[in-house]
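Below are structures written as structure tokens.
One chain, chain A, links the two complexes that follow: it is found with chain B in the first and with chain C in the second.
And now, the complex of A and B:
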């Protein structure tokens, strides 16, 4: 088990390094921070001074190695916009993002999983079709379209909720719903197909054959098995708590990590972008690792430590 | 005459297939007396499993079931699905073809057996676990106490089938329906499982229905055999009488296809053709297109299952006529 975690951690480090390297070169190749931050009309001396100050005149590979060197010493660099520590700039946004992504996650889990279960248990009835119709709509409509539509109806037309910003808890409602609906739609589909798959298994018939009522078979025998594939998607959603709201935060002008990422990329504020990418990759990779460990608890077939050959002779 | 344990009367089953109803079972009547062992034999799709899944209401809800099922002389087809749960496991237990996938992969086998014990005998958790261990001993699983905490994937197919049998015994049923219990197992294990079934029947006095595609398997441990073809019983007889003097050409064909270990070496004869599609059955006897003894009457009318002796029934216009298979055998 320890060896397994160690090898997973090593692969995670490689993933993180690859992501940071790609981002470093692509951002440098596609724009000049000096011009983007100071604007193209700035006097050439100012631009030159900026370049000198941030070491942008050094060859790219030197900048890259310098970045890695700092990173290895726990230095994430400073924001070129205001000279503040990049990690400080990013970390102050994390609670703002979590304020909408955590409630949205709860909506996704509660509504998505229960809708999927209901659809599977009443398969091919109007309930199933209704749930699936909502689900298909929910995940085919892009979140910026859904967000704008909700804004149009509830903020502009009805005037019940504010359209954008983050001045009160009421501002959070539309972003939360926008995030929650799309995720619930995905989770409902996954849960439904996981349940249908399990309900078709022979051990469900065994449960009925031994004299259990349907409800007991569903709860005691179908749920624990259907939880296994559902867990994958749920884990992915947990991994995207920090960075899964880029589009929605932009639509609703919600000052979270996602919106910071968009503006930092626009400014080629390299160290801030890298800090966000590092944060996102680390949360994603750790969520996946946790899901894998939880798998072992839920599915005894994956507990390799005890495994070994079949026992019992006949 | 005493009331039979379970009686199926004119059981029919239809499945919806693309907007049409396709009949899988065409009026099956069977009587199981207390403690007797019946073999139910036929090719896949002949309706032998469907018969018992229908009788115990284990078919999908969309299937249409008609006819009567009497348990102790009382009709049970009016029971709701949840009321039927009181019959299943307690009165009629079932085991299935693939033991490993018939057990829940995420629960320990001891837990799954104890679940049945608690359900049918109201034991508390500790007593149910002790009883589960005793049941594993009874089905001859070595070091039963340690196997309780194993998961199905850690056990072999044969051991899992023993677990299934232990689970079935937990409710002390009056009838055990074993649906192809050895088909998915190694040949060497098959005999052990059949022996175990015979032993459990002797010890508990429960009746046994052994469903199989293999006449040879049912011959050893049953008293009576019913042969099914295309959703009908075509012949029913005591096991010795069936082997000595098969009346239906289909039974004769099955016997001719069976290797005889003790007798002289001979070429095995296969029945030509294929089982008809249930959605497009021939108008007359369903076996007529493959039958070497068929005459023109066989393709227009369906023979009924009639008594040809005190304890045997045959559904054939040509019953008793010699066929090429019989001559070859």
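And now, the complex of A and C:
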């Protein structure tokens, strides 16, 4: 088990390092930040001073090592726009984003998993068709369309809720619903197919044959086995808590990490973009790592198997 | 699903019922919609009533026919007097072309890497598997955002970037199928009589696993449409003066109170298209390859 955890943790670290390296070279290879920020017709002395200040005159590999060195000391650089610490700029947005993504996650888990289970247990009834129709809709309606539709109905037409902004808790309702509905649909579909697959297994028949009641078979045998694929998707959702709301935040002008990213990208604020990338990668990779470790506990077969469980795509 | 093996009672069912069992109405509708938008994008230049960039400042924010408008602008016009229907037709073409090309790119990368992994095994396979895991673990939308913003956005780059989406799933499927196929007689026989690896994989294994790959590609298309329209909605995808469905919705958001029709028709087209392609993809999967999930 320890070996399993260690190999997973090593992979996670490699992934984070790869993303950082990739991002560093992509972002630095794509234009001179000095010119991007100061504009091309700035006086040469100003550009030179800017390059000097940000260490842009050093060769790229030196900048890269310097970046890693600072990173290892917990320094993520300063925003090239306003000179504030990049991490401070990013971290003050995190609670704002979590204020909508955590309630949305709870909605996704509660509605998505229970709808998926109900649909699988009552397969081919009207309940199942209803859940699947809802789920397909959630798959195919882009979140910005859903958000705008909710806004049109509940804010513009009915006037019950504010359309955009973040001044009160009432502003959070529409973004939370938008995020929650889409995620619940995805989760319902996965839970349903996982349950159906498990319910078709011989050990379910064995359980029934040895005289267990249906309820005991479902709770004792079907749930734990169906939990594994469901866990993957849930882990992915937990990993995207910080940055899974880029589009929805934009729709509702919710001032979280996602909107900061969009504006930092627009402003060419390298350090802030890199800080957000780091934050997002670390959360996603650690969520995956935790899921992998939980897998190891839930399913002893995986501790020894190479490669681990197949990750289901969305 | 072969009709010959059906028990005799089932044979009595009318031809129509048998037809709809093989071709469910939802699938027929979805196929019809796909055929329709495919035709629209092929013949876009003839179908557009106006140039999609043409301004008509005397006729700004005209209402569509279904909202007391006139037939001058069937789906209304926007803030600059551009005809919504013409822009919609142009956008449909743009979004479909992007989705199709980038899925082809993803399939090209995925199939090549999958074959390489299956052929060489060993450390080549380990590297490719590592790359697949890496792709599955990174926040693709965020990285795409960063790349687009810093490279400056051109259509070619955008399509290439979208082509990076989903290759890892195709690579994983290809590798698994190719390894299985190598064990079968036909591939071994082909290489025994001296066929080069390129020939064995391209001319013998590929046709045999094509049905599964087509299903995987079909399921990739709606995802690319959603990704593309999301990025374009944020203003970071297809750049004006070009237009795509997400672009139109993003632009129409400004007028959601005064002129909701600007975003209404592109939003509906996005939903119907992703829905139709998903329905067809699921149906193909059930028909061609029930093992895929």
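Heads up, the rule we're going with is that the second predicted complex is superposed on the first by the 249 of 314 C-alpha atoms of A that agree within 3 Å, B and C clash if a C-alpha of one lies under 4 Å from a C-alpha of the other, contacts with A are read in each partner's own complex, and residues count from 1 in each chain.
We adopt the following convention: a residue touches a chain if its C-beta (ideal position, glycine included) is under 8 Å from a C-beta of that chain, and two chains touch if they have at least 3 such contacts.
Every value quoted in this text rests on a predicted model; they were computed, and no experiment measured them.
Asks: Please work out whether A:206 is in contact with chain B alone, chain C alone, both, or neither, and reply first, second, both or neither.
Replies: Only chain B; A:206 stays clear of chain C.
Asks: Now for A:158: first (chain B), second (chain C), both, or neither, which partner does it touch?
Replies: neither
Asks: With both complexes overlaid on chain A, does A:72 touch chain B (first), chain C (second), both or neither?
Replies: Neither partner.
Asks: If you count the residues of chain A that each partner touches, which comes out higher, chain B or chain C?
Replies: After superposing on chain A, more of chain A is contacted by C.
Asks: Between chain B and chain C, whom does A:26 touch in the aligned arrangement: first, second, both, or neither?
Replies: second
Asks: A:225 contacts which: chain B (first), chain C (second), both, neither?
Replies: In the superposition, A:225 contacts chain B only.
Asks: Classify the contacts of A:214 with the two partner chains as first (chain B alone), second (chain C alone), both, or neither.
Replies: first
Asks: After the superposition on A, what does A:298 contact: first (chain B), second (chain C), both or neither?
Replies: After superposing on A, A:298 lies in contact with chain B but is clear of chain C.
Asks: Indicate the residue numbers of chain A shared between its chain B interface and its chain C interface, in ascending order.
Replies: Dual-contact residues (chain A): 307, 310-314.
Asks: Using the touch rule from the top, collect the residues of chain A that touch chain B in their complex.
Replies: Going through chain A, the ones touching chain B are 201-203, 205-214, 220-221, 224-225, 228, 298-301, 306-308, 310-314.
Asks: Can you check the complex and tell me which residues of chain C touch chain A?
Replies: Against chain A, the touching part of chain C is residues 129-130, 133-134, 136-139, 141-143, 145-152, 166, 169, 172, 222-223, 226, 229-230, 233-234, 236, 246, 249-250, 253, 256-257, 260, 263, 267, 270-271, 274-275, 278-279, 293.
Asks: Which part of chain B faces chain A closely enough to touch in the complex?
Replies: That would be residues 56, 58, 81-82, 85-90, 93-94, 96, 98, 101-108, 115-116, 119-120, 141-142, 147, 150-151, 153-156, 158-159, 162, 164, 167-168, 170-171, 189, 192 of chain B.
Asks: Applying the document's contact rule, which stretches of chain A touch chain C when the two form their complex?
Replies: Contacts found on chain A: 11, 14-15, 18-19, 22-23, 26-27, 30-31, 136-137, 139-145, 148-149, 151-152, 156, 193, 240, 243, 246-247, 250-251, 261-262, 265-266, 268, 270, 273, 276-277, 280-281, 284-285, 288, 307, 310-314.
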